[in-house]
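Next come two complexes built around subunit A: one with subunit B, the other with subunit C.
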Partner chain A sequence: MPHIADRQSVFLALINVIVLVAGALLAGSNFVDSYNLQIMAAQVPELGLLALGVTLAMISGNGGIDLSGIALANLAGITAFLIARQILVPADAPMTFAWTFAALALCVGVIGGLLNGLMIAFAGLTPLIATLGTQLLFTGISVWLTNGSSVSLGYIQPLDDFGNLPVLGVPLCFTLFLLVAGLVGYVLRCTPFGVKLTLLGSNAKAARYGGIPARRMIVTTYTIAGILASIAGIVIASRNASVKWDYGSSYVLIAILIAVLGGVKPEGGYGRVLSVLLAATALQILSSLFNFLGISNFFRDLAWGVLLLALLASARIDLSLWLRPAR
Partner chain B sequence: MTETTIAPEARGPAGRIWDLMGQRPELFTLALIVVTAIAVAIANPEFVAMNNLFDILRASVVRGIFAMGVLVVLAAGGIDVSFTAIAAFVMYVLTMLVHNVLPGMPLWIIMPLAAAGGAAFGVLNGLLIHALRAPSLIVTIGTQYIIRSFLLTFVGTALFMNLPASMEAFGKASLFSWQGTNGVVSALPATVLVLVVVALATWFILERTLLGRAIFASGGNPGIAERLGFNLFQIRLFVFGWAGLLAGIAGIVHVASNRLANPFDLAGMELEIIAAVVLGGARITGGSGTVLGTLLGVLLITLVSNVLVFVGIPSTLQRAIVGIFILIAGTIFALRQRA
Partner chain C sequence: MKIFAKLAGSVVLAGSMAATAVMAQDDQSITTVVKITGEGWFVRMDEGVKAFDTEHDDVTAVQVGPAQADAAQQARIIEDLVAKGVSAVAVVPMDPSALEGVLRRAQQRGIKVIAHEGDSIVNADADIEAFDNAAFGRRINDGLAECMGGEGKWTSFVGSLGSLTHNIWADAGAESAAANHPGMELVAAKNESFNDANKAYEKAKEILRAHPDIKGFQGSSAIDVIGIGRAVEEAGLVGKVCVFGLGLPKDTGPYLESGAVNRIYFWDPKDAGYVMNVVSKKILDGEEITDGMDLGVPGYNSVKVSQGPGKGIIIQGEAWVDVGKDEYKNYPF
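The block that comes next holds the complex of A and B.
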């Protein structure tokens, strides 16, 4: 199993290299200079974090999915900024403000994720309906709080640094993303929780008879997905210096696309964080390449859709024997 | 579905209502509609005017047609989020075709063409889901993006303001008009007829044909349905084809009643339609759902998005309220099933 999983990661890493080389050939060496690489790295975390949330939900099985990620990310950014602005003046103590903002956003993420988890585990809603409902709810609250317009954060140095400043050549938000992904990967692979979650996703009935507290696990899983979404919200707010209810409207699809590209099984029970991470970077490089070549956003969406279906198809043909783990 | 009435046990009236709601989940939706309508009428008596009622009906037509397709897909245990993209594609391409090439095309040719175009996309969805053996949500998210972005990349992004004469006339036609005391003339649009026909057809398929039995059986328990001899592949093709067909029709109705063909229209509407169908009592895991319940769900969604402004609830809160309704209704239905 690990052997095959490694092969999948190697395959995705190869795709990263191929797209980078293709970019260098098609768009010139500017595409692979350190400046552009930094820009691309700074763009990965938002989607990568949301994709990790979708990954966790999918692993948990029973039709697990999280459609509310980007809605919760926006809500976390908006609520945290509106509250923080009430209690602190950003210009007086930028550092305190930034930390307060982040803490508040994380609180919103915990509450939102907890709501998802409780709805699914205890109210008995399917993940699809529950997260559809909360997506509307979170978006609705964001619209209501902001009257539908975007809210500018102004220049808050620590946040701006977090979103855009490279340290030792790596943007801070990308470093954080790597740390978070590493943590999630560690939890999934090396802790009892992760092992139980995989079991639960591959066979819920057996897991129940095996004494796994399914409900508590589901609540925890969706709460973690909520926290990941709120971290994405902090990154979005820092990078754009503004928050808006409909930021990233196509992220729902792209987050699912990244998870599927990363080999996560939509039916549950399998997913590797390293693969998802590599899928996120591959997609980002491809997206930047489209940008460099001046290809329209509509066409990019078309490419994502085709890619998603092609990936599902690739799992069906014989190639799967060496691309994907044996089932 | 199962019309068997279980003898009410010796319980209080609340318990009996609870039991009834378990059997007929759409009653809960009806209650929500009545409560909303009464609240609005008390807060603002002007709401109970003929033109408002007609406006709500008018606004329900396109949603209702979509919802009938989604109902059939949900009943069979699938889900479709690509239907709005199909509708946008069909309406835009067809309007373009009629406008540029055959300006005199009558509606009785346009409608079947739209239905056929939509059905073709729908069948394609069904084929893909079957061939890829992937969850229908993920496949139709993919086709949604492909269809919509193909439309915007390769077909066009410009609006059509001048509709073909036959579509223009269809949009303006009214069944019945009413002059209010304040002199406002309100008309019941002819497009409502399309919804009536679509709803009757869907009801007939689900409740009076073997195909309908097969749809519910495959949604309730695919394994057993297959052993009973139902062909799951054909059922899947039919339900997605039906959803596509209705999407094509809904697209034309949308253009005719808005008097505008905008390729960016209808995007993002799919979630509220699914919400309406779920509010109408269809279980997302398949096997249940009624046409009447779905229509009530559509009415509730329309009510929330059109009339809450009458009671001074800011329109910015609509989305949140729909979300809360889904969570409450979903919870109640789920708890009832467990009991």
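The block that comes next holds the complex of A and C.
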């Protein structure tokens, strides 16, 4: 198992490199200059964080999925800004405002994720149905709070810096994304929680007989997914200087696509954060390349579909036979 | 090693496909970013952009847009264009406030930003409005009021509550009706169609059920009248219910013929696409755009220039057109 997993990461890393090289050749040196690399890096976290949430939900098994991610991200951004605006004036203490905003958003994420977890673990709903329901609920609350219009944050320097400023050449939001991804990866691989989650996802019955507290695990998992969504909400708010209920309405499926591209098993029990991360960057570089070349955005969807099918096919075929030195 | 060969092969394949897209080096490149690709309105706008491109050898003008109407995807396209280093971005914003950040960064990189239908944008060098939006909304409502005989229930549709211009038209229409026709009663105002004819159709059916005595509809998105017209036709109310609003001649034609839609109001997106590029080029060349200037495009022969919310200007033409059953064929789009 581990060596197949590693090969998947290598395969994805290769795709990253190949698309980058192809970009440099086709689109000119602008494509690989530091500015574009920073732009691409800053675009990854929104989707990457949502994909990590989907990854966790999928690993937990039992048809695990989180459709409510982007809805919760938008709700977190909207609620946090509306409340923070009530208690603080952004212009007076921008830094305090930014931290308050972030803390409030995280709270919304915890509540939303907890709700998902409780619905699935205790009300016994299928994750697909439960998160579809909460997706509508979160969207509905967002529309109700904003009357459907977007809410402009104005220029709040710490938030704008967080969304766009490169420190040591790396955009801050991307650094945060890497840290979060690293943390999730560590939890999955090296902590009892991660091991138990994998076991639970592989065989729920065996896990229950083995004394794993399934319900508590599920609640925790979806709560973490909620927190990841709210971090995405913070990133979205700071990068766009505005929040709106239908921002990123196309993200639901793309986040799932990234998780599956990253080799996460939709049936549960397996998923590696590194692969998901590489899948997210690969999609990003590909989509930026298409924008550079002025290729229709419809073609991009097509290319993603081909990439997904190719990866799924490659996972079903035993590559070790091909890669063994010639006999 | 086969895997490497395969990957290399696919790169070559992708490369040959993309190579055709690599454009010749021109002095200036203007990219028009629309809300969504493939929709009738923006297909027509693309004609204007292409016309500008062929008529100006020293400029590369292209139009791009997301496959789905999503402000996030539009912002990403602009970010990538900024990184690519185009000379000017002409944008028809999905949601103006969601683009402020990326447009500010574009301007910081020395890229000129021209907007269309986004007069609230701070970070733009110029915004082009086809006409005074409030006057346009009143104009549609005047037609509706005349058809309704100044009496009865009516309602309005908008693409989304976030679409600024749609809301101005709907609000101006409502104000005009309230001020001039006390007999007109606005019910369930500003239904969202999400720029989707099917959603407009379903919303209109709901309204016809909820208010069987409704007499008028005012649409804002180009597809609103299509969905409403279909619902009116199915309910057998042609001639009894008045349908007025923004619309495209070709798409709305069958409904104008059947009488389900009475009159459509629009501006020619081809001219708008063309004039966006004219303004972009003038700004790139350092030319000042002044009040009363002739931009050489129908409806923009004597533009009104005013100060925008930011450092940029707002350019306003008088480019509206309205057609009924008899005249719509004059506009082949």
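Simple rule for what comes next: the second predicted complex is superposed on the first by the 302 of 327 C-alpha atoms of A that agree within 3 Å, B and C clash if a C-alpha of one lies under 4 Å from a C-alpha of the other, contacts with A are read in each partner's own complex, and residues count from 1 in each chain.
Keep in mind that, in the parts below, a residue touches a chain if its C-beta (ideal position, glycine included) is under 8 Å from a C-beta of that chain, and two chains touch if they have at least 3 such contacts.
From a predicted model like this one, the values you see are computed outputs, not experimental measurements.
On the superposed subunit A, the two partners subunit B and subunit C do not both fit; they clash. Using the contact criterion defined above for the overlaid structures, shared-chain residue A:242 touches subunit C, although it does not reach subunit B. Look at A:161: by the touch rule set out above, it reaches neither subunit B nor subunit C.
In the superposition on chain A, contact is made by A:301 with both subunit B and subunit C.
Once chain A of one complex is fitted onto chain A of the other, the partner contacts of A:11 are limited to subunit C, with no touch recorded for subunit B. By the document's definition of touching, of the two partners only subunit B reaches A:266; subunit C does not. Look at A:43: by the touch rule set out above, it reaches subunit C but stays clear of subunit B. Within the superposed three-chain model, A:147 lies in touch with subunit B and with subunit C [touch as defined at top].
Subunit A uses residues 147-148, 249-250, 296, 298, 300-301 to touch subunit B in one structure and subunit C in the other. The residues of subunit A lying in touch with subunit C in their complex are 11, 14-15, 18, 21-22, 25-27, 30-31, 33, 35-36, 39-40, 42-43, 46, 147-152, 160, 163-164, 236, 239-242, 244, 246-251, 287-289, 291-298, 300-301, 303, 319, 322-323. Here subunit A touches subunit B in the complex through residues 63, 65, 119, 123-126, 128-130, 132-141, 143-144, 147-148, 249-250, 252-253, 256, 260, 266-267, 296, 298-302, 304-306, 308-309, 312-313, 315-316, going by the rule given at the top. Looking at the complex, you find that subunit C touches subunit A at residues 1-4, 7-8, 11, 14-15, 18-19, 21-23, 31, 37-38, 62, 64-68, 70-73, 75-77, 79-85, 95, 97-102, 105, 109, 160-162, 192.
Residue ranges of subunit B in contact with subunit A, taken from their complex: 79, 128, 131-135, 137-139, 141-146, 148-150, 152-153, 268, 271-272, 274-275, 278, 284-285, 314, 316-324, 326-327, 330-331, 334-335, 337-338.
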